[in-house]
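Listed next: structures, encoded as structure tokens.
Note that chain A is present in both complexes that follow, paired respectively with chain B and with chain C.
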Partner chain A sequence: MLRKLFNFNGGVKPAYHKEASTTQPIADFHAVAPMPAEFVIPLHQSIGGMPHPLVTAGETVKKGQLIGGPDGYVSSAVHASTSGRVKAVEMRLMPHTSGLSALCVVIEPDGRDEWIERAPVPWHSMAPDEVRDAVRDAGLVGLGGAVFPSHLKVNPGRKGKLDTLVINGAECEPFITCDDMQMRERPDAIVRGAAIMRDLTLAGQVLIGIEDNKPEAIAAMQAAVSATGAARIEIVAIPTRYPAGGAKQLIRVLTGIEVPHGKRSTDYGVQCFNTGTIYGIYEALELGQPLISRIVTVAGNVERPRNFEVRFGTPMQDVIAQCGPKPDTDRIIMGGPMMGYAMPSADVPVVKATNCILVGSQALFPPPPPEMPCIRCGECAKACPADLQPFEMYWFARAKIFGKAQEYHLFDCIECGCCAYVCPSRIPLVDYYRFAKSEIWARENEKSAADEARERYEFRMAREEREKQERAAKLAAKAAETKAKQAAAAAAAAAPVDKLALIAAAQERARQQAAAPQNTGNLTPEQQAQVAAAEARRAQALQNEGTD
Partner chain B sequence: MIAAILVMALGAVVLGAALGYASIRFRVEGDPLVEKIDAILPQTQCGQCGFPGCKPYAEAIAKGEADINCCPPGGEEGIRKLADLLGREYKPLSAEHGVEKPKSVAFIDENICIGCTLCMQACPVDAIVGAAKQMHTIVPKLCTGCELCLEPCPVDCISMVPIGESVDSWKWKYPVIAIRKLA
Partner chain C sequence: MLDNSPYFRQPASVRSVMLRVLLALLPGIAAYVWFFGAAILVQIALASVAALAGEAAVLALRDKPVWLFVSDGSALVTAWLVALSLPPITPWWMVVVATLIAIVVVKHLYGGLGQNPFNPAMAAFCIMIVAYPQLMSQWPAAGHHASFAAQWQLIFGGARTLVELDAVTMATALDTLRTALHAAESKATVAGVLGSQPTFGTFGGRGWEWVAAGYLLGGLWLIQQRIITWHIPVAFVATLALAAGLANFIAPDRHAGAMLHLFAGGAMLGAFFIATDPVSGATTPRGKLVYAAGIALITWIIRAFGAYPDGIAFATLLMNICAPLIDLYTQPPVFGHKTDAAART
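Up next, the complex of A and B:
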């Protein structure tokens, strides 16, 4: 049966450049290349709270050992990529455009590559909360590039069950082929992972969307679905158009549901996972292996483009060296040419977000021609897959009128780059949106910090006022008490004292005390007998004394 | 003639009663202008403006007793916002109240701290934890960088550490437009 597919507005069809890196199978990087001298594993590899380090310098760790504990609910765990010694927990250069450093665990491999003990997670018999904790502790995050913690998405949503679970194998961005190769070579594991996720989210159907420029992946996945006999899982070929792999775009193509501004797809009974993440779910729950590696495409200006399974923390330049970078290489991009970020150096580590290491040169990516004024042609609005008005957002971002930019739903922009791609004036539109977004975030953070400070200040003022009043009340109470005492003493001093009566009362008290021992009342018969016997002995003794 | 005067007088009485009722019924507690000014102020509670906190300064501005350029932590941007709100002219930060510094937080050298609690009493936002004769420490997330704890410290163990940029707080820069030479 042919499924009815839907369409999203806009999008572009750039040159895909995907063939070069798909000629070779995925290679285990650590089998073909020497072990790196050190693994630099950043603790913060996902959206949300920064995991806290659980190891210190000098400790030995095993492969897969937890080295970063999740910080709060929106955070994910980090694990050691190999066995060895922790060389340091220190600030190292991050794979981030800023060129700033963050806390990393540096592991010196011992070469034994020894696993921790692994055991499958009995997810069938576990409560949903426990499964979520297991997924979080396995360090699973969205491997499509957004690195959103997956445990937050293993959730049937408000309705209690999903209508459709969408698995994203579209991989629409040029050059990147890691999901394609994984689907070709490991379709069984992905289908099993999809079945696990189907059961965890109580999904009515599972749709695995793959762009139709990957016929091998589609065929392999279809074969795996029929071989495993997995129910309610369907492979759907979708038309190739960038950005069909955006979550909202893919959901729209497969189900026709357009998730509006401010809503989540789960509100409409749909949830979306990347195929790489689904593979990670399978490994984490069925094999008990935490996420310590991923498939990385190395493409662009290299002699032998290829996909590798690379452990996190491996320096990017080691990976690139395996592919023979051409001499005119002048930049490293993490991600694809449309949405990727320029790296500050080739020395940065591979992290969970590294789906592709794109090696660039002047010839491959020539510098953009000079920016010309916006002529309001509206091409960007036609190309925008999020149905926004990019030129309006551009004007406001450029003029730093951020409130207005937000009114045009700046935060619904997925930074896909279609608008900049079609712009006849070659305006780097996405740069403006990123600038405006980070300014707005900074302002919001500042504002919430100021609000908190105000609240704390007001609370302190109120507390000081209360303490003052309490102290005053205490002093007043004490003063009143002393006054009362003084008054009583004065009254006593004023009254005439009857000395004779006092003496008589004292004598009476003394007589009462002397009258009888207090402990002879209420005695049991035995005790009385004992007392009587003792009295008799005493009398006897007295008599004997008298007769001597 | 008299009828006209009566009608006018009646109208005046009715409208006056309505206005009087409205002023009681829809009375606004507090001064909304003070709230608006207070929202712009940075809430460091540092007292550099000469008032014991941001709220008192906001009240003084609203009453016209203080100028809008007395807040160094708010800086130029703060003055511009206040000028916009109040419809006044922008003026540069008054030098006698201090200079604009990079945002920083206080840091206690825990080896020197003697646990006198004087800094805790000075902190306007309760950002310092500790007890008498116990080491104190500052919660950096709550510290507003007001510097009020520096003065009372008898052993000078508190220093101000500027907040550096981190990967999380880093901001994308304004796109630079390349200037090219024509001909």
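Up next, the complex of A and C:
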């Protein structure tokens, strides 16, 4: 059956360099290389809250043991990559351009590589919430590189069911072949995972999109669909054009739907997962195995480019060493050449986001020629897959007129790098957008902090004013009372006859008061305790207000 | 230097863009030399030297990297367009002054490459035609032009006599038509003028029609090379043809037809090389259509009713002013924000 495909505007066709790393099958890194001296496992490996450490130095852990507990709903679990002793829970350099450190669990392997107890998750008979918890506790995040917690996406959305579940096997970035090789070698598991996800999201159809420069992967996946007899799952070959593997671009190509920035794709009846994530779902639910490793492509300036299955926390330099880095190597990039990040050191660990370790050199990635002024030629606009006007955003970002940059839809930019790739003036356009976005975020944070401070200040001023007025009112009332008493005394002295009448009136008031119901009388001990607690809280609140 | 992704780039450069624009001008220049002699080559050389010298001097004054910018080719494109807009037998200082105005005043005083709101060549042309209307209207006659030695003498020889000039110049097609039709109580008709004057060729200005055809050829190559998009030339040619054709249909005696308008004067140069200047023009796809249609329409109005024989330069400047506004109102819909995208779901 020939499916009608849609098109997205723009995009580029860079040299793909994918052949070199696909000549060898995927190798289990820990079978071909010695165990690293230590695994440095960052706790924060996904979008969202930072998982809290569940182990302390000196403890022994087993392979697959939970070592980082998810912090809140938007967070994911982290597990021990092997069995051994926790050497430390400390700050270590992160695989990020910033060169910042973050909390890591450092595990010294004991060499036994001993698993925890594993059991398949009976997802068929579980409530959707329980399945989501299981996915979260297995540490599953988007392995295409975005590392968004997967459990949040195991969700049919507001409509109650999905029209289309899109599985992303496009892998459009040059050099990266981890999904390609996984689809070639483990298609059955991916198709089974897709079937699980189809059932969990009540999807009407599952479309697995693969760029047509991966004929082996397409054939293997098609064979697996036939062999497993999975219903409503279709392998779709899509034209090779970067960034066809962007989630929104792939959804557009397969379904024709354009999901706007800031909207959930489920609102349009679509959800998208990477093939690697789907494979992880299969392992987590069918085998009860948490996510402790992934396929990593090592490519670029190395003698033997290859894909490895690498445990998280393995130092990148260990992995690179297996591939024979060439002597002129000058940098390590995590990800592909279009969207990857340069690493601060080769010492950083492999994490869930590490789809590729790209080894660079001056010859492979020459420094850009000098930047020229923008001549508004419009090449960037032609190449932009988000249909933006990059040169206008550049203009305003450069002039630090961020509001205008936002009006030109800065936040719709997916930072794919197509604009900078085609720019004849060699302007690092994406850097300008990253800069503008971070400035806008910083300003918004500052503004909300300032708003809070202002609200606190205004509240305090209002309270002080109120208290002042209350004090004044009290004083005035007291003065009036004294005055009235004096007046009454004077009147009594002047008219003794009235005294009897006054006494009678007072007696009458007292009688009425005695008859009135008292709401604090006749209480049970529990009720009295509650009243006391309430009083204590009130006192506490007053005290807090005072210290504020 | 920033070291962030993307780590590799397409081998494109401003220089390669500019060089291809220069290449695309060659067919038109070849036809120019064939019909009007080699004088234009002298003017192009003069303009090129003046442009490079002026550019280098200003860059040095502005503490900019001189070689990087001088070698980008943008000054040469401006120089060639200035030279091709001026009559080829004007004195040497005319083209030098015009080029320096274009480079120093219109380009660099506004901030240099990429910053100028006006098309440098056209702004220089306007200043020259206002300042030296007579020198700017001495165009050579096609075919029986002066020898190269005589042309050289006209360019560098200082004093020129009217007799000398009359022998080798001829009013252009558009000028002839305008003069004949606009003369007080003129009884002339378009057909009458066209039939009686040697300045008209087969379908445009004599000789000039082939120069225009050369520009058309080069321009189509630029589209094929993806240096320019189809929007501006197509909108320009269509609008000019439509306006001229309509006027010609309504009043055939008073208005020349579409072909004459397209193949006389600077229409083809304007459509493919002037209006397509991205720095001073509109940049959105729809904006380009509006912008080019505006230039073509104003050009036709100036040609049909104005005091100048041709109007490309004035029309271009007028639309340059409107370009930012046109861009603002013709922003293309962003991915996911198209109205039909919502309708599909």
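What we mean here is this: the second predicted complex is superposed on the first by the 450 of 548 C-alpha atoms of A that agree within 3 Å, B and C clash if a C-alpha of one lies under 4 Å from a C-alpha of the other, contacts with A are read in each partner's own complex, and residues count from 1 in each chain.
Please note the rule applied: contacts are C-beta pairs under 8 Å (C-beta built on N, C-alpha and C of every residue); 3 or more make two chains touch, one makes a residue touch a chain.
Please read all numbers here as calculations on a predicted model, not as lab measurements.
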Touched partner set for A:Lys437, first chain B, second chain C, both or neither: first
Touching partner for A:Met94 - first (chain B), second (chain C), both, neither: first
Touched partner set for A:Phe29, first chain B, second chain C, both or neither: neither
Partner chain in contact with A:Pro428 - chain B first, chain C second, else both or neither: both
Partner chain in contact with A:Phe365 - chain B first, chain C second, else both or neither: second
Which superposed partner A:Arg454 touches (first chain B, second chain C, both, neither): first
First, second, both or neither for A:Phe396, with chain B first and chain C second: neither
Touching partner for A:Phe308 - first (chain B), second (chain C), both, neither: neither
Chain B and chain C footprints on chain A, overlapping residues: 370, 428, 431, 434
Complex contact set, residues of chain A against chain B: 44, 50, 94, 96, 98, 100-102, 370-371, 428, 431-432, 434-435, 437-439, 442, 445, 449-454, 456-461
Of chain B, residues touching chain A in the complex: 38, 41-45, 53-55, 124-127, 142, 144, 165-175, 177-178, 180
Complex interface listing, chain A residues touching chain C: 8-9, 12, 14, 97, 174, 248, 252, 256-261, 263, 268-269, 331, 333, 335-342, 360, 364-365, 367-370, 372-379, 381-382, 385-389, 391-392, 408-409, 412, 417, 420-426, 428, 430-431, 434
Residues of chain C that touch chain A when the two form their complex: 1-10, 12-14, 16-17, 65, 68-69, 72, 74, 112-115, 229, 278-279, 283-284, 327, 331-338, 341, 344-345
